[in-house]
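Shared between the two complexes below is subunit A, which has subunit B as its partner in the first and subunit C in the second.
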Partner chain A sequence: MPVYSISHVENVRVCVVMVGLPARGKSLIAQKIVRYLSWLSIKSKCFNVGNYRREIAGVEDINAEFFDPNNKEGLKFRREAINLAIQDMMNWFSNENGVVGILDATNSTRERRDRILKLCRENLIEPMFLESYCDDQDLILQNILDVKTTSPDYVDKDIDFATSDFLKRINYYEQTYETMDQKTDSELTFIKLVNVNTQIILNRIESYLESRIVYYVMNLHIKPRCIWLSRHGESAYNLTGQIGGDSDLSDRGMRYAKKLPELVLKSLGEENKHTNLTIWTSTLKRTQQTASFLPYKKKLQWKALDELDAGECDGMTYEEIEKEFPEDFKARDDDKYEYRYKGGESYRDIVIRLEPIIMELERQENILIITHQAVLRCLYAYFMNVPQEESPWMSIPLHTLIKLEPRAYSTIVSRIKADIPAVSTYKEKGTSQLGESITGKNISKSRDLIKDSDVV
Partner chain B sequence: MSSGGAVIDSDDEGEIFNGFGSAPMSRSTSQQRTSKRWSFHNNTRPNLMDMPSGAELKRRLSDITGADNVHEEMALSVLGGGQLYSTESGRLFHAGKIIISLAGLPGRGKTHLSVSLTRYLRWLGVKTHSFHLSNYRRASAEDDLTHDLFVPSPNTSKANEIRKKIVDDCLSDILNFFKNDKGQVAIYDAINALPEYRIDIHQRFQKLNIQVLFIESLVTDDSIVMKNMEEAARSSPDYSSWDYDKAYKDYSERIKTLTPYYKEMGDSIESNLSYIKFINFGERIELHNSNYGYLINKVVFYLMNSRIKVGSVFFARCYKNSVEYSEDPPLDAEGLQYSKNLASTLFKHLTSQGKTYIKELNELNEKHRPLEPQRTLSVDERHPAAGVDGVDENSLVVWTSVKQRTIQTTKFFAERNVKIRHRIQLSQKNPGVVSGLTDDEIEEKYPDEYKHYERDPYHYRFSRAESYHDLAIKIEPLILEMERMSGDILIIADDTILKVFYGYLMSCSCYDIPFLNFSTNEIIEIKFNAYSNSATRIPIVSND
Partner chain C sequence: MPVYSISHVENVRVCVVMVGLPARGKSLIAQKIVRYLSWLSIKSKCFNVGNYRREIAGVEDINAEFFDPNNKEGLKFRREAINLAIQDMMNWFSNENGVVGILDATNSTRERRDRILKLCRENLIEPMFLESYCDDQDLILQNILDVKTTSPDYVDKDIDFATSDFLKRINYYEQTYETMDQKTDSELTFIKLVNVNTQIILNRIESYLESRIVYYVMNLHIKPRCIWLSRHGESAYNLTGQIGGDSDLSDRGMRYAKKLPELVLKSLGEENKHTNLTIWTSTLKRTQQTASFLPYKKKLQWKALDELDAGECDGMTYEEIEKEFPEDFKARDDDKYEYRYKGGESYRDIVIRLEPIIMELERQENILIITHQAVLRCLYAYFMNVPQEESPWMSIPLHTLIKLEPRAYSTIVSRIKADIPAVSTYKEKGTSQLGESITGKNISKSRDLIKDSDVV
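Up next is the complex of A and B:
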């Protein structure tokens, strides 16, 4: 039985058509939407027309002249690229049951948009145009400075050349650009963001799913910030290999809790040592004990951060589960993301209960979240875009502080490992034994979070 | 670490944050309601939420019908069901104080807008109150109702004086609300026809460090205005004793007199103001100078999903839900009979209300359901979004949980081609360690915990359990989805879930929600209305 978190997406398909000149942050918005929706199990994919163009026309000889509206050859390549992208997207909708497809291109003329619109209507896909309009020169310049890092077209080029060439390219696009407006486009579903969020026009938002996308885009903030994640310190249950429960920290777990303030300071660095963090914990004792030595005053407990509820298996060891419920044990290994413990929860259920607080998390600045293995995997998957089949198998060791720094196009991860031993609670597929395998057979599947750790 | 957890100072604004976790909460005597300050005040129901502390807390709200509480004053201690945390100042989201000032001609749904926004913001825990200027006018000039009063530059100086006085009364109440009642959002429901008025409001409140946001309701679709005029003639307090035709004529006169004076927002002298244009009830929303932050983004999110609803929300319990939380048995014969009766009772009720979308069984068989959507429509024009639930006013969608017994309860709806949606969030409240125990057994086994629970049954969470508050946070996405659907919705769920939905729709305080009572032999229907929602019972009867 399909269970969806956001909306009844059984029959809804949305094509988000990005609109806007280059250097208006379109790709950034598109990627964020895909990450958010994928995390919520809504099948979404971004089709970047620039990538198609690079594939068929190469990168070497591309300069601004290629984008001259009078350059016949350039036009031919560009037209081919958009056609390929649209074709792939339509195939994806019909063959892979896509729900939200994003066409990331300038789509700067009405003629082009009209063609996409009709194609969508023909295929019963709801078209939603998302325009990022910007006439604030400072903002544009800021974006252009990022061009080296954001556009694959300029990877191997000189920075001065890249900047001036890119400006010229924008100029060519401006010649034919038709922005969206309330009168001419009143029949379309569209969102127009003017100078980031100074002015926003929302026209004919027709479904809850669309409104959710808009709301998410409105809440994206670009202020630099860090998110720290940590599991609770080693608990009494960890020592005995039992899952779930509400046990106290072990002695070593308590040592981690005492050391945590120092780890945080180290991670903040000397110049930021006065930064004030917000602390979130679950409602279970082991996370609160872990947070108890932190000097920060803003601490919140969330039920949504509680460990995956193992239902009838709560308090058992994996060996006991394997013995008592062999079928369940196997079923969980076969599809760990979907498997729901008898009377308990699945990974998908955790994502659903995390959904209402993820927006709360997006608007927070510097925050430390102390929670549990399964919940941490889900949060990490959100920030790092880890696919569902992998996220339940990630190895997230105890006594390690993870720091995430979200940047425009990626998130930087670093870890600090406290030099306090702890048992491993990692269980590989097909065994009831705990611990990472030495052979590393399955480790490639479980993004290793231990590597590159600093040890304090 | 103490279980009290989250009472802490924070550096910004010197706020105290009080997270709703396992921390027991209670209303201290210092938090009792303030004395009534507002000159206008509408009390139609016994005031259940402002019971002084120390009074018998274990009240049973057996009567869950009637009008909602959205117009009640909020006592200081009252918390919305979906509130995430509390602060010492009473203000949330670091948003400070905000006055949302409406603008727009009569018949543009301003009252509906202010009431529904108040309901939503209160649910989020934001101390919100609507101030309807028309109530002040009625209070001061009841027997002198001339259209002059509504005109920005009236012909008589007397009218001008009265107008100025009622505006001043209303605005001074708003100030009182901010100053003395820890108010965070005041919604000022008035026509505000001229840029001068709007700039005046902006300056008055900005001086006091209160943010001003205008929401201008514009309607370009005449059929919407017509509908609103009919509604006003029928139910506006201005016309309570009037003949319908006469009232309709008077109201349209009022709009006609005022229209030439009204100046739309957006003139260059208003370029500094923050405003949202809300056009044709959400068909288009335009935000200007909109770097408002999270709370106002929430308001916009709400506006995107808010519809003038024609359909109702129906609540029904799933049969025999007293089973152990972790068990998932199928329905027994009695339960099956119950679900059959539930379906036939609702179908009969809907038919009596003139709803025509319920198909007869034989009708369906002839047509070989289900129908595949087919595109026979032109691609040159816009059509309703394909596949979106509840777009059609004439439709029914059933929401229920993923448990076997609720799935089986929907059988008789599914076979009549009604859409069924299963949502994990609609599963009953997890009782944790007290699963299967009666109140007395809990008291005996967990005396300390029981005391905390009695003090705050809404937020208190037994070990491993969920609280009502946890449910409220879990179902928030569903609440907005429900707001957006124009047609009918039936929610079949455990009564713990129904209480929370009901609490939102009827503006209950979190102290009342745990005591709401839903019985298995009736369906509760919530009807939407511009001024307040109302609830009625429909007894479930056997149709065999």
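Up next is the complex of A and C:
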């Protein structure tokens, strides 16, 4: 029998039906839910009706008038787009065993929602409505600013035109908008977010999956912040090629620890140099030694950030493992995500224990996490949406600070190298050899899946 | 620096102010929150205003008229009671470093709530209102049935009198009741539960602690159900006195596995013999072998149910540990809850990884968990509110099925012994010797903190 994570208890398929006027952050929420659930190996996909509409109606001639409820041609295209999106979603549920499909559109009238409801019920899919309601003008304007600069509808268009046209479009939607109502919609499963998370109304949230989605959405915030990730400095075990253990930093590792405060300041830039960071480390010495020169007061240790437990192989080199446990060595290369060391852990196990860390990270503001290769791969995979076949094979070199800046529709990654040499701890598939010794200046090899200043 | 669990990130004190008419399940919710937070080592206490009122006004002459809003003497006593409760709570916050205090009373008028709000703010305590609103007559009657048989106000009183008097009392409260309102109370932090969890309104939930309490309350249900706990059958390592590992069952352990289906049936009783149980095991062989003869289809493996990781001591006997690591051996005896094996875990670590299991257990119905000594101690501690100084020292013998029946204000525990001999794996403080070999007939020794058919 397979090992169950907290996320696989039920056999339920959910369609999350987004509801809300344009510029209410629906797409952002939808995409974050997909990223979070995918990271937990729950098959999820977002179906954005705007993309379908652009495909069939183009973008050239689209302006606010297209969304006038009295524009018959506009209505025809828009109806066709939603039909195509729903059709694709239903096919995805049945042909690809989808678990959570998100229908990202305004779905702003009760008539539209009733149609989706009926379709879901006919296909034995649980409908859950997720409305983002917002009447805080500052929030709306901030969102419009984001949308007009990122929306595919306004590419190459004048910014002033984009703003006024978009406001007009919102106005057309407002004419027919019916918000989810505690009385009228009391029989439906829904979440209504009012002004981001100032108020949340939950109605008939019943299944486990629904309650996970609710808890995740509850914890999201939109304050700007950054997350920094670093492996510990080079350790004594890194030098001997041993895995696991609780060794001290090497001399070069200690140099990295001493240089880390400077790297952090550099990444903050002059205007933000007084930003207060919270430092999270694992319970292992090498991460705490790496954090020891950082001038920030709040330093927390988390057992959940400890390195992947290699069980019986703890303290061995890859060569020794290949020799002593050849079958295990091969099994791990064949499926590194699922392979669990005898008496130890798999990557999947790490993801399960990191889940509360991710939830807490979503709640927090500026955090610097100093942890270990496998754990860092899993954290990075969450933020950058790396598929689980790839994440255990990512190269995350020593002596490099990674900065993540979450934006509305992207995360900006930058890397700051310490220019302090360190061994490579990267083992390629099918060999027990570690990569050649690399210096801080020479770490971006082709196997390196993260690019400098990568933007996704 | 200390190790932080997910629950210790902030430095916030919260006063949960219960709101709602009598017989709306307020005390049950309050007590469950205290039990859950205490288990996570978050210092919590419930202050029940009814208890203060009984202390100052007695119960002899108390009937519904006491609660008439026009009864001046009643009002005086009731005001005194709430003042005393608040005073005690504030003293507890400041003198005993309380973190979450719960004020369990109807707090049914805005005037009363405003007073509490003001007091909290003056004392730098975050007020969070938790209203249980219920207009489902079936639910209310069910609750009244519970209350009239358990309330200290109706001890030794006629059941018919109790019912009608209690209804009258509710009626008096209804005259002045003001429910929490999304508009009027929009500046307050509150959770409003409507008809148990059919609808939930969350307003300005901001801190981490508040969001944990919300998530916990969201997952509670009131359907009757049972939880069964068992250790795996006696294992090969149990016979040799070794800890940890992943050994097979001994012959006697296998006999227990074969007998387990019969024990479960016996505990269900004739009328419930077709109840469908879900089986949860750890990922270790000995728990799966123990589950292998159970006729239930749904069997899930959880890594989070694996035995405490003894790190470098895995596979050793206590005698060997005492000899090889005498200081660690003593340190563990001195503080067994906090002591973390080198490269392994502490009891506190187990509680942190069990937290999602507890949340899932609250959501589920009939579950049989087959797991390990230390894990079972932690699970049992949650359900039975065992303090953390005691829980690592509880004796939970092999070859015994424990059944927990959660009731409104108590959990009924019963134990069914398999009458198959097994070694003792109980190590008393200050010795490396295990208890003498015990048989299934002779397991309730004085060191045994769980009593047969214990009711708490």
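Definition applied: the second predicted complex is superposed on the first by the 427 of 456 C-alpha atoms of A that agree within 3 Å, B and C clash if a C-alpha of one lies under 4 Å from a C-alpha of the other, contacts with A are read in each partner's own complex, and residues count from 1 in each chain.
Keep in mind that, in the parts below, a contact is a pair of C-beta atoms (placed from the backbone, for glycine too) under 8 Å apart; a residue touches a chain by one contact, two chains touch by 3 or more.
Small disclaimer: the values here were computed from a predicted structure and weren't measured.
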Once the shared chain is lined up, is A:122 touching subunit B (first), subunit C (second), both, or neither of them? first
Could you tell me if A:375 is touching subunit B, subunit C, both of them or neither one (first, second, both, neither)? neither
Dominant toucher of subunit A (residue count), subunit B or subunit C: B
Is A:187 touching anything from subunit B or subunit C once the two structures are fitted on A? First, second, both or neither. first
Touching A:289, do we find subunit B (first), subunit C (second), both, or neither? first
Show which residues of subunit A both subunit B and subunit C reach, each in its own complex. 1, 3-4, 6, 182, 186, 197-205, 208, 211, 214-215, 218-219, 246, 283, 288, 299-304, 309, 342-343, 349, 352-353, 355-357, 360, 363
Once bound in the complex, which stretches of subunit C touch subunit A? 1-4, 6, 8-9, 182, 186, 197-205, 208, 211, 214-215, 218-219, 245-246, 283, 288, 299-304, 309, 314, 340, 342-343, 345, 349, 352-353, 355-357, 360, 363-364
Could you pull out which subunit B residues touch subunit A in their complex? 1, 3, 5-6, 8-11, 17, 19-23, 84-85, 282-291, 294, 297, 300-301, 304-305, 325-328, 373, 375, 377, 379-389, 391, 402, 407, 421-425, 430, 461, 463-464, 466-467, 470, 473-474, 476-477, 480-481, 484
Mind listing the subunit A positions that touch subunit B in their complex? 1, 3-8, 10-13, 117-118, 121-124, 126, 182, 186-188, 197-208, 211-212, 214-215, 218-219, 246, 276, 283, 288-289, 291-292, 297-304, 309, 311-312, 342-344, 349, 352-353, 355-357, 360, 363
